[in-house]
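Each of the next two complexes has subunit A plus one more chain, namely subunit B in the first and subunit C in the second.
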Partner chain A sequence: MSEIMAIASGTWKNILRMKVVYFLILCVWILIGSAALYEVLSMGQHKPLMIDVSLALNAVAAALVVISITFEIPRELRQGVASTLLTKSLGRTQYLAGKLIGIAVAAIVICALITVGSFVIFYYTFTESIALPMFQAQLLQILSIIPMAAIGVFFATLFPEVVAPVLTIIAIWFSYSVGVLQNIPLLYGGILPNLDLFNFRSQAVYHADIPWSYVGLVTLWGIAFAIFALMLTSLFFKVKDIK
Partner chain B sequence: MKKDTVVRIVIMIVALLAASYLANILTPMQKEISIEKAQLTKAPIAGLHKIMADVAWMRFINVAGGMDTIDTKNVDKISSMLEKIIAYDPNFEEMYQSGVLCMSNADPKKAIEFLKKACENDYLKTNSKLPFNTGFLLSRTIVDQNDPNNILSTPDYTQAAKYFRMAMQRAATPEPYVVSSYIRAKAKAKAEADKKIDEYFATLSVLYDEWKASKKGAYEGAIGETSSIPDLETRLLKAAQSAKNPVDYDGKPIKPLPQTLALIAKVQKEVLANNHLCPNCITPTAAGAKFCTSCGTKVQVWGTCKTCHKVLNGAKYCADCGTKNK
Partner chain C sequence: MTEGRCKPSVFPPRTDTGREDTLDNFVIETENLTKDYSSWLRKAKRPALNNLTISIPKGSVFGFLGPNGAGKTTTIKILMGLIRPTGGMATVLGKPYDDVEVKNRIGFLPDSPAFTPQLSAMEFLDVCARLLKIPSSKRKQRVEEVLEIVRMAPHAKSKVGTFSRGMLQRVGIAQAILNSPELLILDEPLLGLDPYGRQEFKEIILEQRDKFGASVFFSSHILSDVEEICDSISILNKGRLLCAGKLSDLLSRDTDNGVLVKIRQCDDAVKALMTDADNVQKKENDEWELTFKTLSPELDRKINELSAKHGEAVKRLNAREDLESFFFGKIEEDNLENS
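Our next item is the complex of A and B:
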């Protein structure tokens, strides 16, 4: 377990140490705040617009952080960093699990910062308290990072860094979009991820409550899917040649 | 096969089954929580429907604002933009309230179609403006601005009355114009259906039916449809007065229909019996008055002391002779 945490902490520290991450968070806050200026252009719809922008940008930020792992793992495999790590007492599954946890923690921290900032901006712009559905929608957005990170690790392990980010973006996009497969749960939500289960952006705008039981179950789904994806990745990773 | 590989496969299968099982529970739960999801466009936009609706809305404002007028020539563009917004967010209230009304003169049928959808929307079920706007459009004759001979829509008073009623029921206290619109639409529908009656009779009969419904609701424990018209008796009084002295389209007095007179008498007897009205012109009479101040007809005196016949002004004891009056 300590080996996994060592890999994980190395991963999240690497990301959270980068100044560009905070610059991007600042840019996101500015974009969220700028929604307040759209009062006339949106005919008074600037408040829902601000909520929508914060949720959408949070989703984009989560995807971007996850994509960063698709550069890191192939680079480590190519440069032999991974083989150095794996010659120690560290197993391949532990390496992958560490990477998964590391990237998930980094993305959760970044998205949480964006969320807190967006709430502060919202509060000071509209002098209105944060409604529970707004908090729940942001929380679900943050929780969606768990399966999203597993997807990132899967492609990062199997494909080179040129292909892996593209495939990860497509997979995340697809898993948010393919609502038509919802009637086949084993396929959609099982083998194929259903990130749309975390999508309650309308609820945040229309202040419709989301039951906490749903939030709990969807978190379990995220963890179950991440474990499935991690085990699948480790099976492929086991037979992969590493320099 | 190595033991750890088998363990991994077993964990993978268990996790897959758990994920599928949970997805099986979560999918219907999500459908229940987020009803509008079923109506959303299936276009692959990564769940960004709401923000896409906002962007499409601002684009609509930009395009519509840049147009000199919205008429039959350019309404298709506006209509397709609004359709897109609905596909992204069927709960977009402002779009129905402002956006749809922009095109109501150019394509009233499409506007009504949009508004009817909005009225059926569960999320918007507390909005009383939407059914009112629907009823308003349904009760108008709308002609093409570019060609006055081209009638774009003709009134459907039965449908209009249905939506005006919906607007009344959704408002805690319905605005007088909503109530008047409902009564007018229902009366016109009734007059259209039966050529033997005029609008005076129809209006009075609608109000009388509403009054009966309200009484029925009160007596039967308010089960079923009850009237939600405020000041119903005042409205009945005014309708009876108008029906008693009808005028034609040029404002010239005409003779009331026999069935109208019969209905007025019925209303006076059943509804307005305690209102101290002149039997001739149905004007309320003052306490102590012997003749109607409006038409001079002799009326039944009320509100006076049973001993000295002085006006009591609601007092329990007569100020003149001290007699106790009920």
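Our next item is the complex of A and C:
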């Protein structure tokens, strides 16, 4: 486990020290805050608009972090960072698990910062406390990173950095559209995660409670999918020649 | 392989009865190791390594030589478990090449070291130390020690992404010696270093052998450095092993009739022999080295007379070929044979 955590800590430190991450967070906060200016245009619906925008932008930020990693892992493999690490006492599955945890932790920290910022903006704009469904919806949005990161690691490990981000974007888009695509088994195939399970924007807007048991189950499902994706990736990665 | 060319059997052959001894004596053994590269798009196989059989004795500094594309890096990557051979077997420290645990006893430097760019040198080495299972109580101290050894202590907290090629090479060496390994596998360790850096690194490599009993296996294109620090070498060309053995044996083999005369502070002797010499080199402290490829009876008598007259100032030794001409000779011979 300590080997996995060594890789994970190196990964999350590497991501969280990139200046572009904080630029992204700042941009998202500004966009969330700008929803307050839409009072007239939205005919007084600027409060639900802000909740909706904050959840949507949080999802976009999580996807962006995952996509940025689909550049990083192939680059690590190509430039030799991975080969330096893999020539230590570290199995290839452990390396992948470390990468997955590292990416997930970094993305969770980024999304948590966005969430906290959005709550502060909401509180000062509407002088209203944060309702539980709002918190739960944001929490689920943050937890959706787990399966999303697993998709990113899968493509990043098997494809070069020119292809991996494109495939990851398509996969994430399909994963959010599973409700629509489930009648097209060829596209959906039951392999992609259903990220709609983590989407509770309407409950947050209309203050409809989400049972905690659901939150717990969907988190377990996300972890189970991530482990399945990791094992699948590992099958291919174990036989891959690392140049 | 033609007659007269050195063969890999310079090292003791393995015997069925002496298997345990063999494991103790050799740090690396390969048998008919073969690697063909192929891709999904191109069906044609590109051979990178062809039936490589070598045994690296324990405690040796072994130079692995060959032109670009000879298969050196491929061999090293197979030994480190990064790529899978198409055929043959390889053992490292008596274990299969893909054994994860044995890597705790090996130090490896890749040909172009790259590290996580946003981490500092110290943080990256800490990650490596954790992977090498160095106890947390000793980890910080050991990381500081190796940074001191490679003279990177002043840059310990700088981000690796900002380092030059030479600095990366130093961090690379630091991570390779972090666990005081029994075996150091270095792919082009002296590349990108200035002459001072090269000298320091050669000292570090030799120190690992002398102080900690480490065996060293390294590939290099800088033949003068190989000649300086290696006791054994092998030469590869186009994936095939051309020769392997002790450096002294290999270099003296082709020049059995030659003589090297070392003359110190004796201008008369230099003047007397200079015109007959095939190669004259002036060294430090007024010392000269004169090489004679063939020796006529008259020249033989002249050298003996000078040696008797001037005593220790004129030393007669058996000449040996330098590694560079030996290397080029072997490669050209092989290219001609296979053209």
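One rule holds in what follows: the second predicted complex is superposed on the first by the 232 of 243 C-alpha atoms of A that agree within 3 Å, B and C clash if a C-alpha of one lies under 4 Å from a C-alpha of the other, contacts with A are read in each partner's own complex, and residues count from 1 in each chain.
The rule we apply is simple: contacts are C-beta pairs under 8 Å (C-beta built on N, C-alpha and C of every residue); 3 or more make two chains touch, one makes a residue touch a chain.
None of the values given here were measured: they were computed from a predicted structure.
Visitor: Just from the overlay, do subunit B and subunit C fit on subunit A, or is there a clash?
Guide: Overlaying the two complexes on subunit A (C-alpha atoms) leaves subunit C and subunit B fitting together cleanly.
Visitor: Of the two partner chains, subunit B (first) and subunit C (second), which one does A:218 touch, if any: first, second, both, or neither?
Guide: After superposition on chain A, A:218 lies in contact with subunit B alone.
Visitor: So in the superposed three-chain picture, is A:56 touching just subunit B, just subunit C, both, or none of them (first/second/both/neither)?
Guide: Once the two structures are laid over each other on A, A:56 reaches subunit B alone.
Visitor: Return first, second, both or neither, reflecting whether A:205 touches subunit B, subunit C, both chains, or no partner chain.
Guide: After superposing on A, A:205 lies in contact with subunit B but is clear of subunit C.
Visitor: See if subunit A has more residues touched by subunit B or by subunit C, and give me that chain.
Guide: B
Visitor: First (subunit B), second (subunit C), both or neither: which does A:228 touch?
Guide: Only subunit B; A:228 stays clear of subunit C.
Visitor: If we overlay the two complexes on their shared chain A, which of subunit B and subunit C does A:13 touch? Say first, second, both or neither.
Guide: A:13 sits against subunit C, while subunit B stays out of touch.
Visitor: Using the touch definition from the top, say if A:162 reaches subunit B (first), subunit C (second), both or neither.
Guide: In the superposition, A:162 contacts neither subunit B nor subunit C.
Visitor: After superposing on chain A, what angle in degrees do the C-alpha centres of subunit B and subunit C form at the C-alpha centre of subunit A, to the nearest 10?
Guide: 170
Visitor: Just to confirm the value: shortest Cα separation between subunit B and subunit C in the superposed three-chain model, in whole Å.
Guide: Minimum C-alpha separation, subunit B to subunit C: 12 Å.
Visitor: Can you name the residues of subunit B that touch subunit A in the complex?
Guide: Result: residues 5, 8-9, 11-12, 15-20, 22-27, 29-30, 33-34, 36-37, 40, 42-51, 54, 57-58, 61-62, 89, 91, 94, 98, 123 of subunit B touch subunit A.
Visitor: For the complex, give me every residue of subunit A touching subunit C.
Guide: 2-3, 5-7, 9-11, 13-15, 17-18, 76, 79-81, 83-91, 239, 241-243
Visitor: Would you pull the subunit A residues touching subunit B in the complex into a rising list?
Guide: 38, 41-45, 48-49, 52-53, 55-56, 59, 93, 172-174, 176-180, 182, 185-186, 188-191, 194-197, 199-203, 205-206, 208, 210-211, 214, 217-218, 220-221, 224-225, 227-228, 231-232, 234-235, 238
Visitor: Given the complex with subunit A, which residues does subunit C contribute to the contact?
Guide: 77, 80-84, 100-101, 103-104, 106, 108, 110-119, 123-124, 127-128, 130-133, 159, 172, 175
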